[in-house]
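Each of the two complexes below includes chain A, the first together with chain B, the second together with chain C.
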Partner chain A sequence: MLQIKDLHASVEDKTILRGINLEVKAGEVHAIMGPNGSGKSTLASVIAGKEEYEVDKGEILLNEEDLEELAAEERAHKGIFLSFQYPVEIPGVSVTNFIKTAINATRKAKGLADMPAKDMLKMIREKSEMLEIDRKFLSRSLNVGFSGGEKKRNEIFQMAMLEPKLAILDETDSGLDIDALRIVANGVNKLKSKDNAVVVITHYQRLLDYIVPDFVHVLLDGRIVKSGGPELAHELEEKGYDWIKEEVDA
Partner chain B sequence: MSKYTEDDLREELKTKEYEYGFFTDIESETFPIGLNEDIVRAISKKKNEPEWMTEWRLEAFKVWKAMEEPDWANVNYTKPDFQAIAYYSAPVAVDPNKTLDDVDPDLLAMYKKLGISVDEQKKMNNVAMDIVVDSVSVATTFKKTLAEKGIIFMPISEAIQEHPELVKKYIGTIVPTKDNFYAALNSAVFSDGSFCYIPKGVKCPMELSTYFRINQGGTGQFERTLLIADEGSYVSYLEGCTAPSRDENQLHAAVVELIALDDAEIKYSTVQNWYPGNAEGLGGVYNFVTKRGLCEKNAKISWTQVETGSAVTWKYPSCILKGDNSVGEFYSIAVTNNYQQADTGTKMIHLGKNTKSTIISKGISAGKSQNSYRGLVQVSARADNARNFSQCDSLLMGNECGAHTFPYIEAKNKTAMIEHEATTSKIGEDQIFYCNQRGIDTEKAIALIVNGFSKDVLNKLPMEFAVEAQKLLEISLEGSVG
Partner chain C sequence: MSLKEKLVSSFLAFENNIDIDSPVHDIRSEAIKTFETNGFPSKKEEAWKYTSLNSVLKHDYSVFPKQENALEYKDIKKYFIHDIDTYKIIFIDGKYSSHLSQTTHDGIDVCLMSSALNKPKYRLIIENYFNKIAAKDSLASLNTAFSSEGAYIHIPKNKLVEKPIQIIHFSTGNEAALMLQPRNLIVVDENSHVQIIERHQSLTDNPVLTNSVTEIFANKRAIVDYYKVQNDNKNASLIDSTYVNQKDQSHCLVHTFSFGGKLTRNNLNFYQNGERMDSTMKGITIIGDKQHVDHNTLVHHIEPNCESHQDYKGIFADSSTGVFNGKVVVDKLAQKTNAFQSNNNILLSDKASINTKPQLEIFADDVKCSHGCTIGQLDESALFYMKQRGIPEKEARALLMYAFSNNVLGSVKIPELKQRITKIIADKLGVNIGFDL
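Now for the complex of A and B:
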């Protein structure tokens, strides 16, 4: 599904990604871990097509198609979804209105008519129930005054509504208490199928107890320096990142 | 080159009068350009006005001649050459009794292009249309339903004929001829506009709606609207303006007077979409409008406006809260893009006790435009317990535009409670990327963010207008972010 080959990327002339190689197949869950500032969010943004990030070398393929020329919204239409580490506020635009606009924009790009209001309502009801989201929450302005946990839950709600092929969850666990974490993780698990894939970016093992990864990668200074199975996450939890740094430096 | 004097002009006009047959019916009736007493008389005569009206116009003309064009607003433009404008023009072969069906198919086509087809309007529920094309009304609908309630809704030119006592009693009482330069000009040469009277205790059963348009090059538009809500009555009035593209600057100087007698309520909503000029700042309408309402005891006036058009806008819909417990509201969205300039706001004049006013202004600036809010809250010595709440929010797009806020407060009574809040924000790249990531393209993202920003005001508009206004916001900001 996703193939990243020797990806180098920079922002404001500062090189951040220094040769990333990653392959994610349909049906797989990958976790990317790494210390603060190692480039995890940058990688997510580059995949999603944020313009300020310059791809200096390498390529990103989604289902064999090179994404280089595609704008962020076109990548979204092709099924890439990013759950933001820091979701932005849009005053005056309700959660419902926003997701409706997003769904219909994607449908339009595929040559489909707007989703009938009835179907939209039904879907909103189902997905919000699944994530235990209060109905009142849906009429609030997007992310305005949301707690950290509410913001993250709202990201997963949007993911559930948009049903992406490739979901990248950037520190979705931070700001969630243990109950919310469980609800969100359950939601993600229910959405998982053999046709889609999930990339989980996290600092902590804790989320990976619920969303069990097939592969764990360690990102350090813009490179994936180590990959392994779920057990690698436990090792990192126990020992931190220093031993990997030493391994790399050696 | 020798100077072309006032006298030369008058001479030329005299001969042209004969040449063009001023007072006989002709095909395209545009007066010769320029302004003098004779033109004022000719306008009045053309409309068959009673002598008091002619005299009133002439008096206004005298006042205007002695006045200077104001320059305190935060706008820059080449002052119009008032002698280079034709002061009267009517569409060909107009019959005031025409129905919508009789309207020129070309005009209908024009409305369609603007997205406001008369066909649709006609079908629209509960909306009576009094359409002003150039300067003369060509169609009026729903007159009968209104007549049954005793509501008078007609072109002001007709009202002068049919209800002279009402017009004479109220015209110029809220916006006196000498109020300001443009009001004086309008009083001298106003071509047409709407007149509305709601009798005592009557709730107008439909939204009254007027569409103003300019369609003849170089023709100034000088509408005059007079709306009287008698004791305990209610009316909601919609005014929408769109103008087709053209290159020359056009002058628009309208006057609107509202009178809300005891316990009456008037809602006045405007969507203004006059031609803003092209992306290089060429052409566009100069929109210098005087709008004011008077509230008697327990009366309420709400102004809601969505201003997206015009090259230069100068407009301050105001409320004189004369009666005790009266309420004034001003809800405004002003969008400027490219080289547009808007200086708009309101005046809330608290004279009565326990008077209340609310001001919500949303300014959106893009391109190289300048957008200013200018508001005055005045509380007189005898206005005990007056309250005002003002909120002025500015949204900027890009780094080349400007947003300015000029709130003036004059309180002469210690019990006054005046609150003012202001915010300035910018549409951020992060907001746009967030929307993009959800599949929403940049243009649509901006529309979404702008609509969200404007929501508090859009909500005040009647439904069918709100939809049109939202579309307008989107159209006005097209191409504003690369």
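Now for the complex of A and C:
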């Protein structure tokens, strides 16, 4: 599904990614771990098409299609979803109206008519119940005055509504208490299928107890320096990143 | 003949046509002298530094309404808030239209300034309130000199007026160019509550210049909610001068929605003559082309323990220009004043501009006053967020602008009006996202 080949990227002339290679197949869950400043969020932003980031070398393919020329919204239409580490606040636009707009924009891009209101409501009800989201929450302005946990839950709600092929969860566990973490993780697990893939970006092992990855990659200084199975995450939790740094330096 | 000369020379004829015993006769005569001495304001005056009237004064306006022109309700229904029951005071080319209006004398007076100025039973109110707070500057004086028609609203004490009152001035375009000078007087007595919506609407592209003056008196514990809907045609200009005098524990809110018109100047003045009251001014301005909107506000805190809130948002496209000049005066006596002012603007083109100037004059030492103004572009991270959810750039921008301006609508208390304004904003910004309207 996703192939990243020798990706180099920079922002404001500062090189951040220095040759990333990654392949994510349908049905897989990948975790990308690494210390602060290793380039995790940059990788997520570059895949999603944030304009400030310059791809200097290499390519990103989604189902064999090069994404380079595609704008962020076109990538979204192809099924890329990024759950933001810091979701933005949009006063005056309710959660419901925002997600309706997003869904219908995606449908329009695919040449489909707007989703009938009845279907939309039904879907909103199902997905919000799955994530234990209160109905009142849906009529509030998007992310305005939301707690950290509410913001993240709202991200996963949008993911559930948009049904992406590739979901990238950027630090979705930060700001979540243990109950919220469980609800969010359950939501992600329910959305998993053999046709889609999830990339979880995280600092900590915690989230990976709930969303169990097939592969764990360690990102250090803009490169993936080590890959392994779920046991690698446990090892990182126990020993930190220094031993990997030493291994790389050696 | 210049417009000034035309107005001054027609004053005598105007006065001859009305009752010479009228208590406002002296006021009118004094006012025309003020106008004659000062003329129309020019950019040399500090208060008019960024707004030139030259382009609107060049037309040969008819200055008196000649005849009553008829309009069919169905043709102009869209300018009304028509989905709820309201009182209506409707004017067509400056003349009262009885068939479009719905006035009342049942416990409250919702009627005409012309009646109030001429009938003895209103004399006391006129003597006590008429022209008591309107400025004595040249434009307000010009209006005073020719004041004969407009809305007269008197709510005696302990009345909750359940229906909003709509004041609408239509101009038909039957005159090649028309000048209107409506004069409104609104007196709300103790514990009473009223909601008023005012609109000026020209129905053609013929030039219209409206020089409107409104005096509002909110007595003890009165609540006055006033909404100005300015979405006029491209050759219509409006100079609106509104003066609000508040007494103890009253609450007054004025919302000004400026979307249309060629040149709009809003002089909005609050005088807080009492304690523990609150004055709120909110505005949304969304304009383009060569439109110009100037908000000139004043809050005068005279006594202790009062609040004022100002929140103005502006979006300026093309070559449009905006002005915000917000003056807050806190007298020495007015301790424990809380005065807040904010003016946020988005410029969408290199040719658009906004001049924003807070002016604080504080003579008391135990007060909280804050002001802030911003001029910016749209938040790039918010744009990326929306695009990531599949919303195309253009729509994302529109939605962000909608969110930016719509924020002010939270305090609109008439749901039907709020919906209408929401719709105008959405249309104006090209947002079509299936809002729940």
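Assume the second predicted complex is superposed on the first by the 250 of 250 C-alpha atoms of A that agree within 3 Å, B and C clash if a C-alpha of one lies under 4 Å from a C-alpha of the other, contacts with A are read in each partner's own complex, and residues count from 1 in each chain.
Keep in mind that, in the parts below, a contact is a pair of C-beta atoms (placed from the backbone, for glycine too) under 8 Å apart; a residue touches a chain by one contact, two chains touch by 3 or more.
The structure presented is a predicted model; accordingly, all values stated were derived computationally and were not measured.
On the shared subunit chain A, the superposed partners chain B and chain C overlap sterically. In the superposed model, A:D114 lies in contact with chain C only, and not with chain B. With both structures placed on the common chain, the touch criterion links A:A105 to chain B and to chain C. Residue contacts after overlaying the shared chain place A:G92 against chain B and chain C alike. In the superposition on chain A, A:L220 contacts neither chain B nor chain C. Applying the stated contact rule after C-alpha superposition, one finds that A:Q158 touches each of chain B and chain C.
Of the two partner chains placed around the shared chain by superposition, chain B and chain C are both touched by A:F84. Of the two partner chains, neither chain B nor chain C is touched by A:L236. Of the two partner chains, both chain B and chain C are touched by A:A72. In summary, superposing the two complexes on chain A brings one listed stretch of chain C into steric overlap with chain B, and the stretch in question is 93-101; the others among 21-29, 93-101 or 363-371 show no clashing C-alpha atoms. The contact surfaces that chain B and chain C form on chain A in the two complexes overlap at residues 48-52, 71-73, 76-77, 81-82, 84, 87-93, 97-99, 101-103, 105-106, 109, 141, 158, 162.
Every residue of chain C that touches chain A in the complex is listed here, in rising order: 379-382, 384-393, 395-396, 399-400, 402-407, 409, 433-436. Chain A makes touch with chain B in their complex at residues 45, 48-52, 71-73, 76-77, 80-82, 84, 87-93, 97-99, 101-103, 105-106, 109, 141, 158, 162.
Interface of chain B with chain A (complex): residues 428-431, 433-442, 444, 448-449, 451-456.
Of all residues in chain A, only 48-52, 71-73, 75-77, 81-82, 84, 87-93, 96-106, 109, 114, 141, 158, 162 touch chain C in the complex they form.
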